Every structure is written in C-alpha cells, then in structure tokens.
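Common to both upcoming complexes is chain A, partnered first by chain B, then by chain C.
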Partner chain A sequence: MVTFILKRIGSGLVVLAAISCLTFFLLYFSSTNIARNILGEYATPEQVAAKQAELGLDQPIFSRFLAWVAEALTGNFGTSWFTNESVVQAISNRLPVTLALVVTSIVIIAILSTLIGVAAAVKRGWIDRAVQIAAVIGDAIPNFVLAIVFVTIFAIQLGFFPATSSIQPGADGGAWVASLTLPVIALVISGLTSGAQQVRSAVIKQLEKDYVRTLRSRGISEGVILFKHVLRSAAPAGLTVLSLQFIGMLGGVVIIEQIFALPGMGALAVQSTTLGDTPLVMGVVLYTVIIVILVNLLVDLANGWLNPKVRVS
Partner chain B sequence: MTEPVQINASTATLARTSVFKRILKNPMGLFAIAVLSIMILVAIFAGWIAPFGENTANIGKTLAGADSVNLLGTDSAGRDTFSRLVFGAQTTLLSALLCAAVAISIGLPAGLIAGYYSGPFDSAANWVVNVLMALPGIIVLLTIRAAFGPSVWISMIAFGILISPGYFRLTRTAVQSVRNELYVDAARVSGLSDSRIITRHIFSVVRAPIIIQTAIVCGVAISIQSGLEFLGLGDPTVATWGVMLSEGFKNVYLTPTLLLWPALAIGLAVGSLVLLGNAVRDALEDREKVTVSKRNDPPTVALQMQRGPRKRTASVEVGTEKHLVKVSHLAIGYPQANGTLKPVVNDVSFTVDRGEVLGIVGESGSGKSQTAFSILGLLPPEARIISGSIQFDGEYTVAPGEDIVNQSRLSELRGKRISYIPQEPMSNLDPAYTIGSQLVAPMVKVLGISKAEAKKRALKLLSDVGIVDPARTFGAYPHEVSGGMAQRVLIAGAISCEPDLIIADEPTTALDVTVQAEVLDLIRDLQKRLGVGVILVTHNFGVVADLCDRVVVMQAGRLVEGGEVREILGTPQDPYTITLLDSMLENKTPMTMLVSQGGTKS
Partner chain C sequence: MKFGPRATSVAILAAAAVALSGCASSSGGSSSGAATDTLTIGSLSNITSFDPAQAHLGHQMPLYQAAYDTLILRKPDGSFAPMLATEWKYNEDNTVLTVDLRDDVTFTDGEKFDAEAAKANLDHFKSANGPDAAQGGSISSVDVVDEDTIDITLSAADPAMEYYLSQVPGLMGSPKALGTEEVKTVPVGSGPYVLDAKASVNGSQFVYTANKDYWNKDLQKFSKVTIKILADVTARTNAVVSGQVDAVLLDAKNGKQAEGAGLEQVSYPVDWNGLFLFDRDGKNTPALADVRVRQAINYAFDRETMLEQLSLGHGEVTAQIFGKTTDAYIPELDDAYAYDPAKAKSLLAEAGYADGFELTLPILPGTEAIMAMVQQQMADVGITVKQEAVPQANYVTDLQAAKYSAAWFSVFQGEPWVAIKQAIGPQAAYNPFKTTTPELQEAIDAVQFGGDESGELAKKVNQYVTDEAWFAPWYRIDQMFYVDGTKIAVEPQAQQAIPSIYNYAPAS
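Right after this comes the complex of A and B.
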C-alpha cells in the first residue's frame, strides 16, 4: 500500500514537472514585451531595459526556468509582475472561493447522483426514463450557458440572489451562501445529469452479474445486496466520473466565476494570463495541477480500498 | 483474399445504411440531423443569407429592437444581430470541425499504433495522455491565447491537441480488442501487410465510436470556444456566437434579447451534436441487441419490484404434498417487442422427492436452466409464467393462474430450504469481499446465529468440501483461489444452511476435466450424507449416469422423456434422447450438433 502511494506521488511529481516546464516555455512567447507593458507607453528604452534586467528577462529562457524551479522548490513562487503581490498570498486569497464552489458542487452531485442513479437502476420505469432524458439534456447545455440563464432569470429579472456579489474571504456565512447558491446550482445541474446516468449504468451492470443471483439464492435481502455488494462494486465507476467532473470544473469555474463575479482562482487565471504575468500564471497552474493530482490519488486509493484486486496489482 | 474483404465491405455498407435509417427513425436523431443540416447550410450560404456584413455597423441605430430591416435587432455598435448570428454559424462550426480534425489526426494514428504494436510507443503515448488529462484545459487555453493572440483557430488547434487523448484511448482499446481476433490473425497469416490490416480490418472497428466521439468533441469545442469568447478573450473582429454572448451579457440590463439569440444558437448546436452522438450510439447498440439477443439470456436486471398477488391460501392438490418439489404443466415466456409472450419453457411437469437426485438434461436453449431458476424464483424480472404451477413442500410458490413467482413466499425459502450451486465459480463470488464473509453473512441471516458461531461453521464447511487449509481460504479474496476451489466454496455455501433442496446448474461445466470428477464426487458424498434433494441441470449424460436417480430430458422448451436413469440410459424412447446419448458416447458436446433445433433460452 505504501509503495502504491509513493509510486503515485512519484508519477504525479513527474507530471507536475512536465506541466510546469511546458507552461513556462509557452509563457515565454507572451512575455517578450512584458517590461514595456508593465511600465506603460511612455517609459524610456533605458527604463524598459532596467525592468527587464530586474525581472530576469535578459537571461536566456532556460536559466530563467532553472532559477524559477530553484525558488519554487523552496516554496517561493515570487511576486506578481504587475501588482507586486506575493503569488502564494494571491492564490491563498482566491483558492478558498474556488474550492468552496467546486467541492460543494461535487459533494452535492455525488450524493444526488447516487440516490437518483440507484433509484433509476432499481425501479426502472418513469424515473429511469427521466434520468436518461435528463442526461441527454444536461450534456447538451453547456454549464456556463445555464449559468447565464440563471443570472438573467433569478438574479436580474427576479432579484432573488445577488447577481454580481463580490464576496471577500472574510465575509460572513450568509453572504457566502447567497453568492454561492446560484453558481453551485448551475454546476450541480450540469454535472448531476451525467453523474446519475453513470451511477445508473454502473449499478445495472452490477445487478446483472452472476454473483448477485447467487447472493439472492443464499437468502440475502435485496437491501443488503444493493447497498453492501452492488453499490460497492459500482462505486469505482462513479468515483472516476466524479474525479473527471472535478477536473473539468476546476477549469470550467473560470467562466462561472466570471459570470457571477466571484473572486476565485478563475478571475486570477484570466487576469494573469491576459497580462502575461508569468509568476502568477505558474502559481495558478501549479496549484491547479497539484489539486488534480491529489484528487486522482484519492480516487486511486478509494478504488484500491473498494476493489481488493486493484490493491494487489 | 479479395473475396472476404468484398463481403466485409458489402455487409458493412448494409449495416451502415440501416444504422442511418435507425438514426432518422429516432425522433432525437432526426431533430439533431435537421438542426445541424440547417446550421451547415446557413453557414455555407452565409454571404447570401445575411442582409448585412458581419461587422457592418450603423452607429445611428444601436441596441435596437427587432424590425423589418434588422430582423433580430442590433447590438451596441449597431451591427445587425441576425447577420452576425449567420456569420457566427460559419466561424463556430468551422472552428469546431478544426478542433475535431486536429484531435482525430493526432489521437487516431497514435491510438492505432499504440494498440496494434504496443511496446515502448504505447507506454510513451500513455504517459503523454496522462499529462494532457491532468492539464487544466481552460487555463492552458488562456495561456496559449496570451502567447499567440486571440485567434479562434489557434485556440481550437490547441484544444484539439488537449482533447486528442479521447480519440487515442478509444482507438487503442478498440484495436487491442480486435488485434487478437481470429480474422486479423488470418489476415496476418495470409501475408497482408500491417498497414493493410490496420486500414482494412481494424479501421472498420473504430469507425463508429469515432463518429460518436466526434459529435461529442464538436459540441465540447463549441462550448469551450464560446466560453473563452464569453470571457472577452475572443477575437473581436470575427463574429462568433461566443463573442455575441459576451456582448449580450454586457448589455443584459438594457437588451436581454441580445443574450438570448447566441445562447439559443450555442444551446441548439451543442445539444444537437450531443443528441446526434447519442442517436448513433443507440442505433449501433440496437443492431447489436438484435444479433446478440438471439443467443443470450435476457439480463437479470433489477429487483422483483412487482409483488405477486397476495399469497392466497390456495392449497395444493391432495396427495401431492409429499413431494418436495412438484412442477405441473409449467410454461415460461418472455415479452416480445410486438406484445406477445414468447415461450421458452412449455408444459413441463416433474417431481422431486426428499433425498432424490433429479437430472434435467438438454442442450443449450432447451429451457432447462429457466425451469431451474423458476423453482428458485430467480427468473429475470421480465419473465412471465404463462401457465402451470410450482409447489415446494406442499405449498405453492407459483399457484395456478399466477404469472410471476411469489417472491414473498420464496424469500422465506431461498437460502434456508432451497439453495443453489452456480455454473461459473469465479463470477458467482463477489470480488470485493473475502470468501469467509460471503459464507458467514447468509448463515447469520438465515440461521440467526452469531458471527463467531457462523465463522466456526464456515471453517468446518470448508474442510467438509475438501479444502485443505480452511483458515487461509476463509480469509482469501475470490481472485486469490483457483476455479475448482471457488466451486468448492460455492458448494459449501449451498449446504451451509442445511437446505432440503439444492439446485445445481451445470456445476462442473466451467471446471477443468480433472477437477470435474472431484467436484462430482463431492456433490454425491454430500447428497448421500445430508439426504438432501438435488436438481442437477446438465447437458452431459455422463454426469446424469454418475449422480442421478431419475432424469427428465428437455428439448426446445419441452419435456420429451423422463424416468429412472437406468431405464432411460438402457432403453431411450425419444429420438432426441438417443441422439444425446450417442453424442455422449462419441464424446462430442451435444450443443454443436443440435443447436439448430434449440429455442432461445438456456
């Protein structure tokens, strides 16, 4: 088990290194004119050159990357080129908003998908048809379009929720709930339909297995078969879907946060990439990828616990 | 060598046309194709349809409502919304196609090569795929936009690369599954080059999933692209739906309709693409169902939710209570698409007494397993009792006139008095739990004993069925034991609650020949020692001769002959029995000779 975890962490670190390398070199193309952009139109060439030297932009790209890596390994991600705010500080201000949004949505999706998916698989009939139709519709509507519709109807037309609340990290619980409700609903609706559909087919697949019939023949009750046996074997499929949704959402919230004016990582990502703010972009990318890797590790561990066959190999 | 290829091609064409027809018959598929065709036509003829240019601004008329000149009004720069929508179709659809094309041209060849040759290329490709999948897509696209400018085309090429793992995985899996198929082997042996095998044989397998994936990818591409443009990161000089959406959102307080049209266009386009993908999948699955359902049992789905008629205290015929099981004129059927019931078991009657071993013999599809499962009450939920009755120990489990098995009655019997030994040992144990826990749980439930007590009994049972190290097997997971041992475990489970009747469904068929004899010995010993009644379902007269007191022979759902084993073996009356016996003597499996006469269910 320990070797398994170490292996996964090791391969995660390799992925992390590859992605930072890739992003850094990509950013090279957008940082050619950066000193001029920071100083503004009227800066003299000398000022620009001095700024470039200050940012280390006069160094070759490779040594710049090595310098960044050396700093990053000590936990220092530098400061934003444009605001001089420390990258770690900027991210730790924004990350809680994004995580609150994504984690709340995923937890709600997980619970509701399981309930609805199991009900559809077991009862079939109308609820099953409803789940299948909803899955198609849910896939068909991009979540940001849904979010726009929500903002227009519930916030702007009806005024039930603040449309563009800009909550601050220190805001009280009520403000959080009010400003997260609509975005969470938008994310949940678009994730729930496909989640429920996946749980449904995973449960049906397990119910068709021979061992279910044998368990029935042994006098085990339907409830125990469903919740102890079938759901456990169906869970890995559901977890995989949830982890994919989680990763998708981490990117998707960029747009959702913009629609609802939430000061999360998304806003930071848009702002920093548009400006070519290399230290900040690197920070955003690294934090996001680390979260993705951690989620994948958790899912792998959970699958190992659920399925003893995986544990061995 | 050209001939089989031609046949392949012609059947493929046939199948394709019928799939296309089936998509059109599906209302969702028809809708999707209609919407997409209209959008494509609009995009092609945009120059003729649109009354204004995409960027023709009329500063004197901004944010205007719909009128006869500007059919859908104008935006904040006085540009005609309808014209922009029409030109937007062009850019939006083309960019989605570009994205899919990039993704296919990377993912498909890489998947073909990795799947066909495996080896180092496969591992390298998989590693790249893992990196790509861990990338936060939108953030990468934002970075690329910052580096290369706000071009729709560049971001869609980049997104095509990011999304190519989808095609790679799909192709790789499909290729791996056919690589070792016999016809590919045959092609290889007959000297076809690898590239020809890939294009001719393997490409035909991945074509359908690629079409489905492409529909989905185009939908995702449109929504990602619109999302980026909505963020205000699009190229403002090009009219796309996403740019319009962004513009509309800025003016949402003034003119909400500006938001409506691009949102509707995006929703319709993405929705139609998803619907199209679903319709293609359904059409392909339908075709598989038609061919597969001829051979396989219908799946044992879902719980038996419909409750049978409340247990009527219909008493059984006087004088028949003494039989442990009495099946009278039983007929079982499955509903067909046209509303009729297709019988798979017809007018079957037999009895089993306590301590007696009855064999039910027949080929695959003779209805023998269906008959056995009806006694267990474990028929698939869609199965219906057409006529007849089943009684167990003097009480009806299927009373005359009932059309399903009485589950409330049987749930009291299953495990406790009737138990089951399945055919395939490995798939009949839950891989997620230890063997021990799967033995203990039924005993705790049925016998009402403590877990510790049940464990003690389970260890004893395991040694009774000839397992040398019961403690180790008790703690093992199913995948850690051999097939023969798993079957012993299942037999231990079947006798654990001291049943009166064991139903064994081909208990040795899936085992190695050497293990078969041991398991048969075990069943015989246990039956003698416990004095339990056994119904043994088999296609093998050798097993019948070995174990059974009496035998009934089934063919195509009907009972053709029955009686003492010695009589039937010595002087078979029915020609079918004779064929079965002959085939056994010639050491051939009866299935291969007689499958054409069979019914559909086994």
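Right after this comes the complex of A and C.
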C-alpha cells in the first residue's frame, strides 16, 4: 500500500512538472502585449519597453522558465503582474470558495445519485423511467442556464438568496450557506442525473451476476445482498464518474462563479489567462493539478477499500 | 416500504421548502432599509496596485479617490476646485505652475502633507511608469518653494495640466509608503476613507471605512464604502436589481431590467463611437488619402438607425469627436454628415472610386453586431469591408502599430488638449500613421499656447478634422448608470465613465 501511494505521488510529481513546463511555454506563445495591457492604451512605446524589462519579458523563454522554477521550488510563486497581489495570497483567498462549492456539490451528488440509482435499479418501473428521462434532460440543460433561472426566480423575484455572493473574509456560516445554495443546486442537478444513471447501470449489471443468484439461493436477505455485496462491486463505476465530475467541475464552475460573482478560483483562472498573467496562471494550474492528483489517489484508495478485487498488490 | 410517485414528490417539495425557508432568514436582511450611511458600488474594473502612480483614469478612479486626495478636485460638471491645492497659477508663458498647498492635512500613517510630500509624489509618478505616466510627460521638474508651495516646471505649455492634477498624477500618497511593497495592496493616503484590508479581497471587493481625521467632512458622506468588482454585466444587473449593490454601470439591454425593477437611471455621454480613418496619407489604402472618400464614408452611415439598433437609442448622433462638455464643441457639427448614400456614391465617383474599393477592418470580440452593420452600410455605397478578427489583447497594439487603415473604436471625450493628444496630434496614441498638415499643426499649436483661451481655440481643430473627415464618428453613447434612488443620490461625472466617489450622497 505504501509503495503504491509513493508511486502515485512520484508519478504525480512528474505530471506536475510536465504540466508546469507545458503551461509556461503555451503562455509564452499565446499571450502577447502583456506590458501594453498592464499599462493601458495611452502608454508610450518607451513605457512599454521599460515595463517589459521590469517584468523580465525581454529575457529569453528558457531563462524566464528556469528563474520561475528556481523561485517556485523555494515556495515563492511571485506576485500577479496585473494586481500585484502575491500568488499564494490570491489563491488562498479563493480556493476555499471553489472547494466549498465543488466538494459540497460532489458530496450531495454522491449521496443522491447512489440513492436514486439504486432505487431505479432495484425498483425499476416509474422511478427507472424517470431517472432515464431526467438523465437526458439534465445533460441537455447546461448548469449555467439553470443558474440564471434560479437567480431570477429565487434571488431576484423571491429574494430568498443573495443574487451575487456575500462571501467575504470573516463572513459567518450563514453568508456561506446563503451564497452557495443556488450554485450548489445548479451544479447538483446537472451532475446528479448522469451520476444516478451510472450507478443505476452498474447496480443492474451486478444484480444480473451469478453471485447474486447464489447469495439469494442461500437465503440471504435482499438488503444485505444489495448493500453489502452489490453496492460494493458497483462502487468503482460510481466513484470514477464522481472523480471525473469533480475534476470537470473544477474547470466548469468558472461560469457559475461568474454568474453568482463568487470570489473563487474560476474567475481568477479566466482573468489571469486572458490577460497572460503568467505568475498567477502558473499558481492556479499548479494548485489545480495537485488537487486533481490527490482526488485520483483518494479514489483509487477508496476503490481498493470498497472492493478488494481492484486492490493493487 | 413502497413509495408511490405522489409521496415522493411531496417529500421532495417539503425538503426543498425547509431548505429555502432556512436560508431566507440568513440572507434577506442586508438589502432592505431606507436611510443609509453605507454605500456599495459595483465596479467593472479591478486595480493593478494601490500605489497611486499605478492608478488608471476612468473606471478605477473611485477605488483610489476613496483613499487618496488629489491636488485639484474635479467637480461633477468638469470644473476645477481646490482640494489639497488651495490655489494654482501659471507664469506668463504657461510653463511654470505655482501651486499653494493646504498645511493642515496628514496622511493616515501620521506623515504630514506638505510641499516635500507633493514633490515626492510627482517625482514618484514620473519614475513609476504607471498606466497614465504619459500625463506627466510635460513635467520637467518639481521644486519646493516653501513649506506649502511647489513650482511645477513644464517642458512646454500643457493646457491639460490642471485636469491631470485632478486625475492620477494628482493623487497624493504618504511619501513614506511610496514605492514600497505594502502600498501595492494597502493604500496610504489622506482621502475620505481608509481601506479595511482584512475585509477586502483583491478582485472581489474593497471595503473602506470613514477616515476619522479627514480634513474635509463635506466630501465624506458615508461611514462605510464597499466597492465590489463585478466584471460580468449579468452579475452587476442581478446585484443591483436584488439590492446587493446601490449603484452600477450597465448597458442598454440590461438597463431595461434595472428600469423594470424601479432603479433610477443616471445617463450621460462619455464616449464617442465610430471609425477612426487612420491612413489619411493613403500609405496602405490609397483611397483614404482623398478627403472625398473619407467624407463619403461619413455620409454612408445611417447614424440614427445605428444608434437605435445597436444601443437602443441611448445616445446622441454626432459627426465630431469633441464632447459636449468641452469648449471645443460645435453644435452644428453634430449634423455635419447627415445620412446620404447618394452623395457618398457621387463623392466616391468624383474621387475615382466609382467601383468602390476594399477596406480591411479589425473586429474586436463582442463587436460583431456593430461590424455587420458597418459592412452593410459601406457595401450600400460600394465599399467592400473585409473583416479580420483580432484578439482583445492585441487590438490596441495592432491599431497603434498602424496595421489597419481604419478601425472601430469607443473613445472617451476628454478635455480638448487630452483629445488632441489622444487622437489628433502627430504623436497621438491613435494617430498611428502620424498624419498631420501645416494648417492643422498651426491650430494645435494655438491650443497648446493659448492659455485660458486654449479650449475655445480647439474649436478650430475640431472644425478642421471634421471637415477633413479624419474620423467617422456616429454617436456619443450614454453611460447607463443605475442607482437605488431610495438610498443613494448620485451626480454624473463629466468626461468620466463612472461618477467620482464624491458624487454619491445618501438620499435625503
């Protein structure tokens, strides 16, 4: 087990290094006129040249990259070119919001899609049909459309929730709950339908297996068969979908965060990428990759724990 | 243990109702209540740095005005009034501006504001290479005359210096803080408010509380000011409609929703919209060298219809680039090129382009509807417009690098000298082909050295560039600013995209 974890961490570090390298070089080629964009339209060419020298943009790409790596290895990710805020500070301000949004959504999706998926697989009939139809509808309606509808109805018309986030430093739990409820519901609805569908298929597949018939023939109760045996075997499929949804959501919350003006990572990622704010983009990418690697590791471990058959030797 | 469809739906509805009612109590409180001494503004722009020299005019100004005073105060109507400077006077040839300063002001870190502090700020502004550094370009030196007087020596007369000292170059920070790392994230000024750094998140919101020792209580009307950064127009609309912010800038389309919600509209023109016809010497597009061709382009636009369709009629059609709030404005020029496609065609024929010509225009993302209309109207008189998509980050650079002979733009209508330096003079940012003529240069010189008359003298420049069709302006577009009139009263700020921080007051 320890070897497995160490191996995964090792490969994670390789991925991290590769992605940092790739991002840095992609940014170099895709973002032009950074100094001009920082200084605005009325800056003279001399001003722009001075700014470029100040930011080191006049240096060759390799020495810039090496300088960044050297600093990053000491934990110094620099400051944003466009806001002068330290990268670590900017991310630590925003990461909690995005994680709260995504983790809450995933936990709710996990619980509900298991319940609904199992119910659909076991009961079949109307529940099953409803799940099937909902899956299609849920996939067809993007979560940002739901978000806009929710804001209009529940925030603007009815005034139950704030239309834009009221999360701020030192905000109490109430502000967090109020600000995150609508975005979480929007994310849950679109994630839930496909999650439930996956659980349903996996459970049906397991129910058709021989071992279930054997267990039944030995007089073991349906509840024990379902929760102790079938669900365990079906779990890997569900977990994989959830981990994919989690990773997808990290990128997908961008629009949701814009709509609710949530001070999360999404807006930061979009702004910094559009502007070519290299230090900030690098910071955002590194943090995101680390989260993705951790989530994948956790899912593998959970799979092994749930189902010894997939446990790694 | 079987649930039918009805029981299940009842359970779901009940659960939803419980969840909703639970949250309603924790969120609804903040937006109600009439009298207020707090102000919450939604802002499009974030700051780059709180270093006063890194500020940028327009959308960012209130963020800095809250924390920093300027030497000169620009009143809502555009006139100038004392602030940290009590008096200012030019020498005979307008090259030395002597500025008397207040002697009773201290910065929030306890440092005293005096002539040394003012000099330190202006010197810092000149060396800090901020976005608006060009505004200090004519300042050659700043000298301390006595404890509360400075002389600002100019390399040549600069009719906009008064204006500049009311903008970014005039922002005064504590000399001890200038150039430090800390001032980039926490401002240290003498302004009406102090940033509450703990309650602020860069890029999300900035919270200010009243500066207890502020010297001018008339400009300090709130105990707390919050500026939320809401780059997305939908988020801004939702925020103001639901009462989370008191005032925001919207656009014509979203403005309808705000009006429906009973918000007060404060609209005033700031930008002109239209085409720059850059290549007036015909270097890349020979046709544009002929004034008749440039005039034909002007006659080709049905400005009324464009304004109606593109901005729902919120604005005023015009054919001049100088704004109504400036002395250079000539009312008759608004109709200088009334829509006349037949005349456009005959002018093109006279110039030898009866079969038209091809013009490549860059398209900025988001302006597709505008460009479609431009293409259509130009095609109607025989000019073929070729569109070339340009990423936002490259647009201005490409224009300034003379890559395009003409381009669409929305430009703010500043003081005459500001507008001349922006789009007309041979060194202007938006004169990439550096076109000029002796006649025009003479008119520009008259403005520069005209002293108090310079605004009036700029009428000649205006007449010249309009007659010569240097541009094809369509209309002055209204800034669609919305406030909750039950809580806040606000005055528009002449020539500024959004009102200054001093223009807000609690509704009486």
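Heads up, the rule we're going with is that the second predicted complex is superposed on the first by the 295 of 313 C-alpha atoms of A that agree within 3 Å, B and C clash if a C-alpha of one lies under 4 Å from a C-alpha of the other, contacts with A are read in each partner's own complex, and residues count from 1 in each chain.
The rule is simple: a residue touches a chain if its C-beta (ideal position, glycine included) is under 8 Å from a C-beta of that chain, and two chains touch if they have at least 3 such contacts.
Worth saying up front: this structure is predicted, and the values here are computed from it rather than measured.
Engineer: Overlaying the two complexes on chain A, which is it for chain B and chain C: clash or fit?
Structural biologist: clash
Engineer: Quick check on the superposed pair: does A:A261 touch chain B, chain C, both, or neither? Answer first, second, both or neither.
Structural biologist: second
Engineer: Name the contact category of A:V136: first (chain B only), second (chain C only), both, or neither.
Structural biologist: The first partner, chain B, only.
Engineer: According to the stated criteria, A:G276 is in contact with first (chain B), second (chain C), both, or neither; which is it?
Structural biologist: After superposing on A, A:G276 lies in contact with both chain B and chain C.
Engineer: After superposition on the shared chain, which partner residues are touched by A:G56: those of chain B (first), chain C (second), both, or neither?
Structural biologist: neither
Engineer: Which partner chains sit in contact with A:S221 here, chain B, chain C, both or neither? Use first/second/both/neither.
Structural biologist: In the superposition, A:S221 touches chain B alone.
Engineer: Once the two complexes are aligned on chain A, which partner has more residues of chain A within touching range, chain B or chain C?
Structural biologist: Chain A has more residues touched by B than by the other partner.
Engineer: Given the touch rule stated above, what does A:F154 touch, chain B (first), chain C (second), both, or neither?
Structural biologist: A:F154: touches chain C, not chain B.
Engineer: Name the contact category of A:A43: first (chain B only), second (chain C only), both, or neither.
Structural biologist: second
Engineer: Residue by residue on chain A, keep only those touching chain B in one complex and chain C in the other, then list them.
Structural biologist: Residues 148, 151, 156, 258-259, 274-276 of chain A touch both chain B and chain C.
Engineer: Show which residues of chain A lie in contact with chain C when the two form their complex.
Structural biologist: 31-33, 36-44, 47, 50-51, 54, 79, 82-85, 90, 93-94, 126, 130, 148, 151, 154-156, 159-164, 166, 168-170, 174-175, 177-179, 181, 258-261, 263, 267-268, 271, 274-276
Engineer: In the complex, go through chain C and note every residue touching chain A.
Structural biologist: Touch list, chain C to chain A: 5, 19-20, 23-24, 26-28, 30-31, 46-49, 51, 54, 56, 129-135, 137, 184-185, 198-205, 207, 228, 230-232, 234-235, 238-239, 241-242, 244, 261, 392-394, 396-397, 400, 422, 429.
Engineer: If you look only at chain A, which of its residues touch chain B in the complex?
Structural biologist: Its residues touching chain B are 11, 15, 18-19, 23, 26-30, 121-124, 136-137, 139-142, 144-145, 148-149, 151-152, 156, 204, 207-222, 224, 226, 229, 232-233, 247-248, 250-252, 254-255, 258-259, 269-270, 273-276, 281, 284-285, 288-289, 292-293, 296, 306-309, 312.
Engineer: If you look only at chain B, which of its residues touch chain A in the complex?
Structural biologist: Touch residues, chain B against chain A: 28, 130-131, 133-140, 142-148, 219, 223, 226-227, 230-231, 233, 245, 249, 252-253, 256, 259, 263, 266-267, 270-272, 274-275, 278, 299-303, 305, 376, 378, 411, 414-416, 418-420, 422, 424, 427-433, 441-442, 445-446, 477, 479, 490, 493, 497.
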